[in-house]
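What follows is a pair of complexes built around chain A, which joins chain B in one and chain C in the other.
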Partner chain A sequence: MGWYFKAIGRRRIIEFILLTIFAVFFAGPLLNLVVLAFSGQWTYPDLLPHQWSFKWWRFVFEQDDVAKSIGLSFLIATIVTALSIVLCIPAAYAFARIRFPFKRVFLFSFLLTHAFPKMGLYVSIAVLFYKVGLMNTMLGVVLVHMINVLMFMTWIPTAAFRNIQAAQEESARDVGATPLRVFRSITLPMAMPGIMVASVFTFLNSLDEAQGTFLVGIPDIKTMPIIMYSIISDFPSSAGAVFSIILTAPTIILLVAAQRLISADVMASGFQVK
Partner chain B sequence: MSVQLAVRGLTKRYKTGEGVTGINLEVNKGELVTLLGPSGCGKTTVLRGIGGFLEPDAGEILIEGKSVTKLPPEKRPTSMVFQSYNLWPHMSVYDNLAFGLKIRGMPKADIKTAVSDALRLVRLPGAEKKYPTQLSGGQQQRVALARSLLLKPAVLLLDEPFSALDAKLRHEMREELRDIQTQTGLTMVLVTHDQDEALSLSNRIIEMNHGHIEQIAQPQRIYNEPETLYVAQFIGKMNFLEGVVDGERIRVGELSWPNAKRLSGKVKVAVRPEDVGLNASSNHQDGQGQGLPGKIKQIMILGHYAEVSVDMDRHGTLKAFQSKEAIERLRTGESVRVTLASMIAYPND
Partner chain C sequence: MRKEVKQAIGGLIMVSPSFVLLLVIVVIPIVQSFVTSLSNGEGGYDLSRYQFLFTDKGMRSNILFTLKVTVVSCALVLLVSYSLALYMRFSSGKLVDWIRKTYMIPLFIPGVIATYGLMNLLGNHGWLARLLLPLGMTLPRLIFDEKGIVIANIWFNIPFATMLLSSALTGIPASIIESARDTGAGKLRIFLRFIFPLSYKTFLVALTFVFMGVIGSFTAPFLLGPNAPQMLGVSMQQVFGVFQEREQAAAMAFFTFLLCSVLGYFYIRSMAGEEAANR
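Let's look at the complex of A and B:
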């Protein structure tokens, strides 16, 4: 045994130990979550449940507001993503291509929504929403979600547009494309990976948002994370496990899909303010 | 010969102080004309002005007799090959080439033929399905060239198209461009800072400096008779000596030539290294002989000829190109008599 450890070297052993610790900390809770979701009976010192069952899955799906909240969450996330694309992509193009005064200041101002404690921001928004009657409305919730994603949705596509050389657009003009055609056929497709990444971020962020939704949307607008609060507090932890798997599934699916588009430099260049 | 492209009084000044002023030039149909000059001389500004990528402060651009000055690039009958290829990475080679034709509403079958013809012309047959990132730099530039060629532009503009390629490839591409030009008979305007490229490719060279034109002439003419001191310095290797006007003649030491340009006072005399003759002083019994006295400093053999540096008594160092046979009679450190077969005089400024 000793010769083996000598052969692979100390560095390798340390790497292996670190990797194991990382795997346990990273995958352990997730594994526990899955086991918990499918357990019928599970008592302490046992490593695995006595009884496997779909009981809690049935229970969660039998709750009336669960199915409704899933639909609502996806609807809101879709609206938020679509609206922020419409709003932020032209802005991103302007930041990347057009010179105007105080450009950097404007670009930095998107950071402001992330500079304050979220709760304080939401409370002041709620005060404003009361006055204009946006509390307990879908539009109010959508707006709160959008505040969270404005930065990603502008910065990442700005970087994507900036990475396209002006000369590549010029050569399209040169072969006969009008400015609009150039944007549609050249600029937009070339910036698409960045825009997709930002959109996936936005969608997931909206799906996950709880604080602002809770404050602005209660009592009628109940998205998945809001329902989850009540399920966790009112029922055994297995129900919570089932629900968090439901909540995680779209995240994982979208991230895997996005991974094909995400390259490290797209991510990194999103956070350069030039 | 009909005039294909005319630029009249083109002026464009940038805030940085660079730009061009009062550019006038004409390019005949089927001609390849080179805009030559160092970086910042304004040659690219002229080309971009012709292509429609900048709005001139003043002046007019005519193509086939019609003014295009107010037209955007997509409406002009020009096409540009850029230094950085600028292929669209999200499109296959086929789509890159077909893009312009689709916009023109050409039927699909015709586009297919046009694309494969163009790829054959640039020696990349069958590359339709590849993507730009799968191609080498030289291949990408060929595709970019094909993209412009198949639009059959009235004037093809080339902005330092080969400067990003290595020397060998650059040489090949030059020959190919020349072939393509004779095959297609396209009118071309090429921008380059490489005088070899300009001399080997062009029907005519437009030598530019600091935003104005120094000389427009055929390559041989611009080499043999550079009109200004600047052109004389820029094109090829050149020796410069101090000369004095002496009545009807220009004198350098005991050598003299007729004062054809009617200059006065002190002048600069330019002599090509191939026009410098060297005679070993010992060949003359009295050690005098014809020519200016000098001493051989260095002999560099460069294959079929040699570059000889000669320290002159009063005129700095001269370079002389000598044949292999001539070198055998010369030794480093030897005293020689230098003769100058021909020269061009310029006012001393």
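Let's look at the complex of A and C:
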């Protein structure tokens, strides 16, 4: 063995060990949940369950509020995504293409959503919502979810619109296309990858949002993460693990579908100017 | 001239819906929570709610605890993220490609789920404890302890910080580094003279996000933190939801804004400066 390690070099070995620790650190918790979800009986100190079963899956699906929470979560995430597309895409186009007064002030005002610690912001909103009666309402929860997505839903599409060469739009206009036609058949398709990434990220963000919903939606608006809070404290860990997988599944499906579009550069453009 | 005016009006109309939403969900809540935090409950306005933060023993230890966890988490996250981003920028091979493809995954995992996974993995009778048992090792207490919160913060924040930093490092042209290498500059010199100066702004942006992310966190400290002292996020939720003391909760929220104000201000200013340089 010794000659083998020498041949690869010490640097490679250290690299490999560090990266293994890294992979275990990030994958370990998730892998643990997968094993737990399919375990029937798993007593301490066994390394693996000595009985595998699906019984916890049945148990979780038999809970009434679980099915309800899945429906509610998807409904809210769809509303949030649709609303943010309608509100933010026009703004993104204006930021990228149109000259208007105070453009920079408007553009940078969106940074405010990320310039405050989240829980502080949620508490401030809850204090306001309490006064105007938006606590424990759908509208209140949708508004809280919008905070997190407002900035990258504006900025990622802005970057996408900016990256389109004006020459392409101009040449379409030169051959007689109307402005609307140019937007529909040149500008929008070319900006689509950026808009898609932002939308997927928005949808997932809303699906996973727990803290703000917990504060504002209590006690009736129970989305999946809120149910998860109570499952963690009330049920055996295998039930929690099953629900974790249900809650993570949409994320993984959407990520695999959008894999080609997501890169560090596109994502980073939602949080900073480059 | 007419066309320009038309454009300007069109632009303002397109921007205004999302701007109004921003006013409703960010600006107005912050202003009114500041006003609320100043009311002393007897009809008058003073700083008594803020005074309480520093005179109450439990609250004071919560604040110190939050700051400690935040500073430790920030240091660890940035150290690892920056090293990882550098490694991904300047190494090649199958292993690196594989990391590039996967390191962002935790960014999309719901916070509740990751926290729960960590609880099960690192808990008293968790998987890690079982794995270490045959080796004769026992785990120190990690869950329901500040170490657990720090570990969760690392888990959540490294992918995001690495994403920002690696996007900044990719932006450094290879020609700069190559020409420096040609003139005989060593690795350390290249790093100090070129790579760090060219990426320190993003470094500070990443620091801002991690700092605010930890101070404003709730899920991880709520689920796996100790009962006392608490992180401010958890304490705030309790003061608001359980004790129903909205004025006090507003004061705590505003206090966390003050803690982050320097970094928040820096973040907005540096972004604005960057934008001006691009034009």
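Details
The criterion applied here is as follows: the second predicted complex is superposed on the first by the 263 of 274 C-alpha atoms of A that agree within 3 Å, B and C clash if a C-alpha of one lies under 4 Å from a C-alpha of the other, contacts with A are read in each partner's own complex, and residues count from 1 in each chain.
Here, contacts are C-beta pairs under 8 Å (C-beta built on N, C-alpha and C of every residue); 3 or more make two chains touch, one makes a residue touch a chain.
Quantities reported herein were computed from a predicted structural model and do not represent experimental measurements.
Following the overlay on chain A, a side-by-side fit with no clash is recorded for the pair chain B and chain C.
Legend: residue contacts after superposition of the two complexes on their common chain; A:107 is shown touching chain C, with no touch to chain B. Vectors from the Cα centre of chain A to those of chain B and chain C enclose 90° in the overlay, to the nearest 10. Contact with neither chain B nor chain C is seen for A:67 once the two complexes are overlaid on the shared chain. Of the two partner chains placed around the shared chain by superposition, chain C is the only one that A:146 touches, whereas chain B remains out of contact.
Looking at the shared chain after the overlay, A:208 reaches chain C, while chain B stays out of its contact range. Touch criterion met: A:170 reaches chain B, while chain C stays clear of it. Of the two partners, chain B and chain C, it is C that touches more residues of chain A. The least CA distance from chain B to chain C in the superposed model is 10 Å. Within chain A, no residue touches chain B in one complex and chain C in the other. The part of chain B that touches chain A in the complex is made up of residues 51-53, 72-74, 78-80, 82, 84, 86, 88-90, 99-100, 103-104, 144, 147-148, 151.
Of all residues in chain A, those touching chain C in their complex are 15-16, 19, 22, 25-26, 28-30, 32-33, 35-36, 44-47, 86-88, 90-91, 93-95, 98-101, 103-104, 106-121, 123-128, 130-131, 143-144, 146-147, 150, 154, 204, 207-208, 210-211, 214-215, 218, 225, 228-229, 232, 237, 240-241, 244, 247-248, 251, 255, 262, 264-265, 267-268, 271-274. Looking at the complex, you find that chain C touches chain A at residues 4, 7-12, 14-15, 17-19, 21-22, 24-30, 32-33, 36, 84, 95, 99, 104-106, 108-114, 116-121, 125-131, 133, 155, 163-164, 166-168, 170-171, 202, 205, 209, 212-213, 215-219, 222-223, 232-233, 236-237, 240-241, 246, 249-250, 252-257, 259-260, 264-265, 267-268, 271-272, 274-275, 278. By the touch rule above, chain A contacts chain B in their complex via residues 165, 167-168, 170-178, 181, 185-186, 189-190, 192.
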